[in-house]
Every structure is written in structure tokens, then in C-alpha cells.
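In the two complexes below, chain A is the common chain; its partner is chain B in one and chain C in the other.
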Partner chain A sequence: MGWRAAGAILAKDLRLELRRVETVATMVVFAVLVALIFVFAGDPTPADLRRLGPGALWVSLLFAGAIGFGRWFAQEERNQALQGLLVSPIDPAALFAGKWAGATVFLLALECVLVPVTLTLYQLDVRGAWGELALLLVLVTLGYAALGTFFAAVAARTTAGELLLPILLFPLSVPLVLAGAEGGQSLMEAGPTRSYWDWVSLAAAFDVIFGTVCTLAFEYVIEE
Partner chain B sequence: MRWWPRSWRQFWSTLDGRTYHLMLGARPWIGWLAVGMMVVVFGLVFWWVPLEAIQGYPQKIFYIHVPSAWVMYGAFGVVFAASIMVLWKGTSLWDIFARCAAEVGFLFTTLTLATGMLWGKPIWGTFWTWDARLTTTLILWFIYAGYLLVRAFARPEANVARLAAVVGIVGFLDVPIIHMSVQWWRTLHPEPVVLILDDPGGGLPASMLITLLASLAAISLVFAWLWIQRVWQERTAENLALLEALLERKERSAR
Partner chain C sequence: MTGTRARLRVEGLTRTYGPRVALEDVTFSLAAGEYLVVLGPNGAGKTTLLRTLARLIRPTAGRVWLDEEDWLAAPADRQREIGVLSHATFLYDDLTALENLRFFGTLYGLSDPAGRGREALATVGLEAAADRRVGHLSRGQAQRVAIARAVLHDPGLLLLDEPYAGLDPRAAGRLSEALAGLARAGRTVVLTTHDLARAPVAATRYLILVEGRTRSAGALPAGDLDALYERAVAAAGD
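Coming up: the complex of A and B.
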């Protein structure tokens, strides 16, 4: 696989995003807003907050991602950039790997803001297990970015477009949401226990399976 | 005359043609057999099989619910296998197989959910609980709703067959992982009662097992019949479109 091509696509995406930070910036605001709205949905006591917190974090991340993936893929559609990439001698798998890495970086950047804010808003206590929390975040984000990039390309092939993306993406992301929310909760309640490691390994297995499948199948999605 | 195919390509195309003609020939038989079996099953369920001691009448929905769920998994297995064949062989018949199996499978998923909820109300006291198998089935329903929506909304210039095939494959591969994750999350569903291997005396009584197996056969036949019917419709529509295109070209060249 063309690692250089994948790297070039990642660099291009990062450069575009750094020039105009609009997408990631909008997503950060949106994600924090969702986390905030979650508090209004009930009238939570501090105990309720701690119970809801990890779930709210993943719901806001999921929603923000669904907005972002569509936009990151749509920028390839502008001025037939995708056609240009397709006629260039780049392996579709490398194209996918580049886009996937880009989406992962953007989501992780978003989490750098979202996670501290959610921890504060929901009065959560990580008990010093920052490394374990980061591991869980990275694994879940990798899997979600793979599915998101893949299905953004699928949705771009339909006339329904961004309307269809969450419908395809959310049901398939259920294992990731559960791994993030349940793993995060057990981490905050009891530290890195057996249950936390079970969820981490589930997320890791998900990443390996769907990273591979989406990379291989991407060719069939973008072909003309 | 050689009866064996000259190449793999020819082998697959003959197999496609033969399978299709075999299916068409079997269609009326399967239809009537399905109707007959359904009548037998209703007889067995309502008159023959004894009333379950604790649950009473609501238990009888089990004979429709469980086979529907099995047939649903079978249908999505067909979608998965046919999707792989679409990517591998690219013939339109496999695409039609996948599409029609997804439609009928979606119907059976709805039936599974509906009969399960009808049973849950008198037995569990609620239409819905967030039990592992219920949740997985609901997510499955959404996955194949998405699959059918991709087909419905695909752009004219997109290669619908391959696009849908990829969605069908990724969706099917996710099902066991979803099931496992939801299982860890919670479970309340009655444990499998059909076959309990480490307890030879346990499991279902013979009369209930016979009724269940008869119902499984009947519902599988209903599935097969609906599926073949849809395949025939789609294939006919495809042939019609082809004929129209040919006719149009002929007219244009005559002018």
C-alpha cells in the first residue's frame, strides 16, 4: 500500500483544516452544546451526573462526528477533486487510509477540548487514570473514524447525502459507544479493572476488523 | 458435445442461468407447499400441542416468533453471501438475490420484533425491555433499513450493486460484534430452550419441538416463496428494460 500517498493525503487534509479551522471549531462548539443540553434533559443530582457523564461524552462525540465526516468528504467532491484523485496512480486503500487518519486527528483534537469540559460539567473524577482514559478514547475514535469516513463516502454516492450518513453510521457504531461509555464508567467508578480491559479489547478488535474491511472495500465505494 | 464449461466465466453464467430456471420451476411448488405447511402449523399450534403450564396461551406466539428470528438471520446470511458474489462475479442476478433477500429479511425482522413485543406484554409486563437480544434485533432492523435506503437513494451514475454489496458486507460483519457488546451490557431474554446439550432430559418437550420444527419449515418456505417471487419480478423488470433499450436502438437505426 502506498504509505507515501496516504501520508500526502493526510498532510493535505491537515493543511486545509489548519488554514480554515471552521469545521473542527464548529464541531467543538456543537459537541459541548450537546453535552450541555444533556444536563437540561433531566434534573440531575450530582450522582446522576456522574452516571450520565461518560454516555453524554460519547453521544456528543458521535453527533459531532456525524457532522464532520460528511463535510470532510464533501470537500473532495468540490471541483471534482475526487475524480482527480481517482485518475492519479493512488491505491484506493491508501486514499482511505489518509482520509481515515485525518478524521482521527480531527476527532482527537475535538476531544482535547470536549473531554476536560465534560469532566468538569459532569463532575467526573478520573482518579488519575489519564493514560487508561486516553487509550480508550484513541481506540474508540480510531474505529469511529474508520466507519465514519467509509460511510461518508457511501452517503456521498446517494442523493440523500448527509441525511443518510447518521442512519448508516449510528447502528454500526453501537459497540464503540458501549465500549466508550461502559469502559469509561467502570474506569471512573473503580479504576482500570477487568471490566475496563474487556471494553478496551472489544474496541481494539473492532478497530482491527473494520479498519481492514473498510480499507479493502473502499475501492468499490468510490469507483465510478 | 461437451457438457462441461469451457471457462470459469462460462461456468458461472451457466450456473446463474440454471439456478434461476430451477428457482422459477420450483416457484409454484414452494408456494403451495408453504400454504399447506402453514395450515398444518396452525393446526398443530392451536389444537395439538399442549398448553404451556406457566405462560398459558401467550406462549403459542413462540412458534411464530422463534422461526421468524431464525429465518431473519438466514435472510441476512443470503444478503451477505450474495453481496460477496456481487463483488467477485459482478453478475446482476447476485445483486437481485441480495436486494430481494434484504427486503424479505427486513419484513421478517419486523415480524420478529412485533411478535416478541406481543409476547412480552403479558409475560414480562412490558412491550419493550433493553435486553441483549431485543436490542440486537432492533439494531439489525436499522442496519438493513439503511441498506435498503442506500439502494433507494443511490445516484444514477453510481454502481448501485457494488455500493449496496459493500454496505451489506460491512453491516453483516458488525452483527456478531454488536451482539457481543450488547450482551455484556445486559441480558434478560429467556435462555435458549430448544437444545440444551449438557442436560439430555432438559430442553423442549417432544411435542413442542415438533411443532417448532414444522413452523420453521413453513416459515422458511414462506420466505423462499416471497424471495423467489421478488427475484422473478426484478429479473423480469430488468429484461423488459433491456428489450426496450434494444427496440429503441432499432427504431433509431431504421429512421
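Coming up: the complex of A and C.
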């Protein structure tokens, strides 16, 4: 696979996003609003909030991510830029890797705002296990970014892409949300216990399986 | 082969979309350095032909050889042997002209993509626009940046798909000058257009497609291209 090409695509995507900012900024606002809605819905007690918190974090990320994936791939459709990539000597796997890495960076940037906000709103205590929390966040984000990048490419080739993307994306993301929410819950209730590591293993296995499948299948998604 | 002339041979190229035949049994060959203009009304299969040659779509049947190599089976890195220009620029509006060229130059594995990008911009007379975002350029200027992108890696074969679409007469004139310069440099060129007035003076061969089939083909200059075209289209309508 062409790592230089993948790096060029990542650098290009970062430059484009830094220049416009709008997609990540919109995602941050949207994700924080979703997290807030859970706090105000049903007048929850502090105990309810602590129980809901990890799930709310991942649901917020899931919804905000779905907005971002569509936008990041749409920029390849403007001026048919994707065709420019496809006529160049680039391995489709490298193209996917570059787009996947970009989506991961954007989601992690979003989490830099969303995680502190959610921890505060939901009165969550990480018990000092910041490294373990970061590991869980990175693993779940990697898997979600792989799925999102893949299905954004699928959706971009259809007429009802924006409607199709969440329908394709959310059902397959359930194991990741479970890993994130349950792993996070375990971490905040009892620290990095066996249960936490089981969920981390699930997220890691998901990343390996779906990362590989999406990378290999990407060439068939983008061809006409 | 990059940077040298390319020989192209197409045999029985066919592409169908379900029951619809977009391209049927198209055959032609080009010697190194020849310039083929593909003419035909809208829906004739010109774009399908170019996209198949660019390996953006797979043909249903047929073979293509580039310098005697089975082009359709060649690995992806052989794409550096062709340059593709379309009516769409393939560029990113929010990157500058030079950033776009540097990006594509990196994908093509050039050792100095920025330097080569500046050279390519100079070729199309747009050095001064290097640091302007493509989205802020006029349609004609953006299309010239697209030419720079297409020749950035010095390909032997240029595939030009309706490059004049959407250009005003002045911009089209400047594009013609730029394309004529590329032809003089000795590249093998395939250009499609539905507009006879845009058939380049530099063309050495022609191919007229109607409803996916070759209606007429030959060397230029050999008679009146206008008359050949009218005859071919009229014959197809009979």
C-alpha cells in the first residue's frame, strides 16, 4: 500500500478542514447539544446521570460522526475530485487509509471537547484511569471512522446518500457503542477491571475485522 | 514510458449498462505522437470510451494495448502513463492551484511535486495564480490548472474528455492554445468533443461515434470533416 499517498490524502483532508473548520465545528456543537438533551430529559438524579453518561457520550459521537462522514466525502465529489484520485497511480487501499486516518483525527478532535463536557455534565469520575479511557476512546473511534468512511463512499455513489448513510452506519456500529458504553461504565464504576478489558478487546477485534474488510472492499465501492 | 510518446491499440471495445449499449465494438489504433479527435452527438459513447481508456470503468468486452502491454490488466501504478482532462477539473476548490498540483504530484510519486507544480503552472501561463484558491479562479483559469494537473507527471498519453465544456469563447481559445502546445510536444492525444468547431487543427486522425458505434474513422486532413460528420450522423439516423 502507498503510505506516501495515504499521508498526502490525510494532509490534504486536514488542510481542507482547517481552512473551512465548519464541519468539525458543527459536529462539536451538535454533539454537545445531544449530550445536553439527555441531561434535561426526564429530570434525572445524579445516580441516573452517572448511569446514562457513558452511553450518552457514544450516542452523541455517533450522531455527530454521521454528519461529518457525509461532508468529508462530499468534498471528493465536488469538481469530481475523486475521479482525479482514481486516474492517478494510487492503490484504493491507500486512498481508504488516508480518508480513514483523516476521519479518525477529526473524531478525536471532537472528543477533546465532548469528553470533558460529558464528564462534567454527567458527574462522571474516571478514577484516575485517564490512559485506559483514552485507549477505549481511540479504539472505538478507529472502528467507527472505518465504518463511516466506507459507508460515506457507498452513500456518495447513490442519489439518497444523506438518508442512506445513517441507515447503513448505525446498525453495524452497535458493537462499538456497546464496547464504548459498557467499557466506560466499568471503568467509572470500578476502574480497569476484567470487564473493562473484555470490552476493550471487543473494540480492538472490531477494528481489525472491519478495518481489514473496509480496506479491501473499498476498491469495489468507488469504482463505477 | 512516462514522458515519451505512447502507442495505443483498441480492439472490439464494448460497454453495456444492462440492456443499453453505450459502446459497441470500437476498434482503432494510434501510432506514437498521433492526435485522435473523437466526434459524436451527445450520448454517442465518447465519454464512455475515454473513461474506459482511463480505466475508470471496465469494458464489457474488448482489449486495449498501450505500448503492446495489456493496458486493462496493468497494475494501478501504470496510471502515471496517462493524463486525463475532463470538463470537471478534478481539483479542490479550497486548495490553492499550487497546493492542488503538489498534492497530485505526491500521488504520482514526483520527487519535487512543488517545483514540478510551478513548472506546470508556467506551461499554462498561470504562475501568478499559484497561491490563489481554485474556487476563486475563473472557470477558464481553473481549467488551465486542470491541464497543468493532467500533464504534471509528463504522461505519454493524454485523454481529453470535452475539455471545452462550460468555457466562454476567450477561455476556450486560450485552452486551444495550451492543448496545441501539448500536441506539439509530441504526446499521443485522444480528445472527445461534440462540437465540430472545437475539433483541433493539430488532430491527425478522427473517429465519429453515433449511438456507441464507429460510423466513420480515418486520417486527417482527408476531406472535409464537417461533411464526414454530417454524413455519418445522417447515415445513423436512416
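Keep in mind that, in the parts below, the second predicted complex is superposed on the first by the 224 of 224 C-alpha atoms of A that agree within 3 Å, B and C clash if a C-alpha of one lies under 4 Å from a C-alpha of the other, contacts with A are read in each partner's own complex, and residues count from 1 in each chain.
The rule we apply is simple: contacts are C-beta pairs under 8 Å (C-beta built on N, C-alpha and C of every residue); 3 or more make two chains touch, one makes a residue touch a chain.
All of these numbers come straight from a predicted model, not from anything done at the bench.
Of the two partner chains placed around the shared chain by superposition, chain B is the only one that A:A160 touches, whereas chain C remains out of contact. With both structures placed on the common chain, the touch criterion links A:Q75 to chain C but leaves chain B unconnected.
In the overlay built on the shared chain, the residue A:A5 is in contact with chain C alone; chain B does not reach it.
After overlaying the two complexes on the shared chain, residue contacts for A:Y220 are found with chain B alone; chain C is out of touch. Contacts of A:G84 after superposition: chain C is touched, whereas chain B is not reached. In the superposition on chain A, no contact is made by A:R194 with either chain B or chain C. Legend: residue contacts after superposition of the two complexes on their common chain; A:L16 is shown touching chain C, with no touch to chain B.
The residues of chain A shared by its contacts with chain B and with chain C are 223-224.
Taken in their complex, chain A has these residues touching chain B: 150, 154, 157-160, 164, 167-168, 170-172, 174-175, 178-179, 182, 198-199, 202, 205-206, 209-210, 213-214, 217, 220-221, 223-224. Residue ranges on chain C touching chain A, taken from their complex, read 51, 54-58, 76-80, 82, 84, 86, 88-95, 99, 103-104, 106-109, 149.
Considering their complex, residues 4-5, 8, 11-12, 15-16, 19-20, 75, 78-81, 83-92, 223-224 of chain A touch chain C. Within the complex formed with chain A, the chain B residues making contact are 87, 139, 142-143, 145-146, 149-150, 153-155, 157-159, 162-163, 165-167, 169-171, 173-174, 177-178, 180-182, 184-185.
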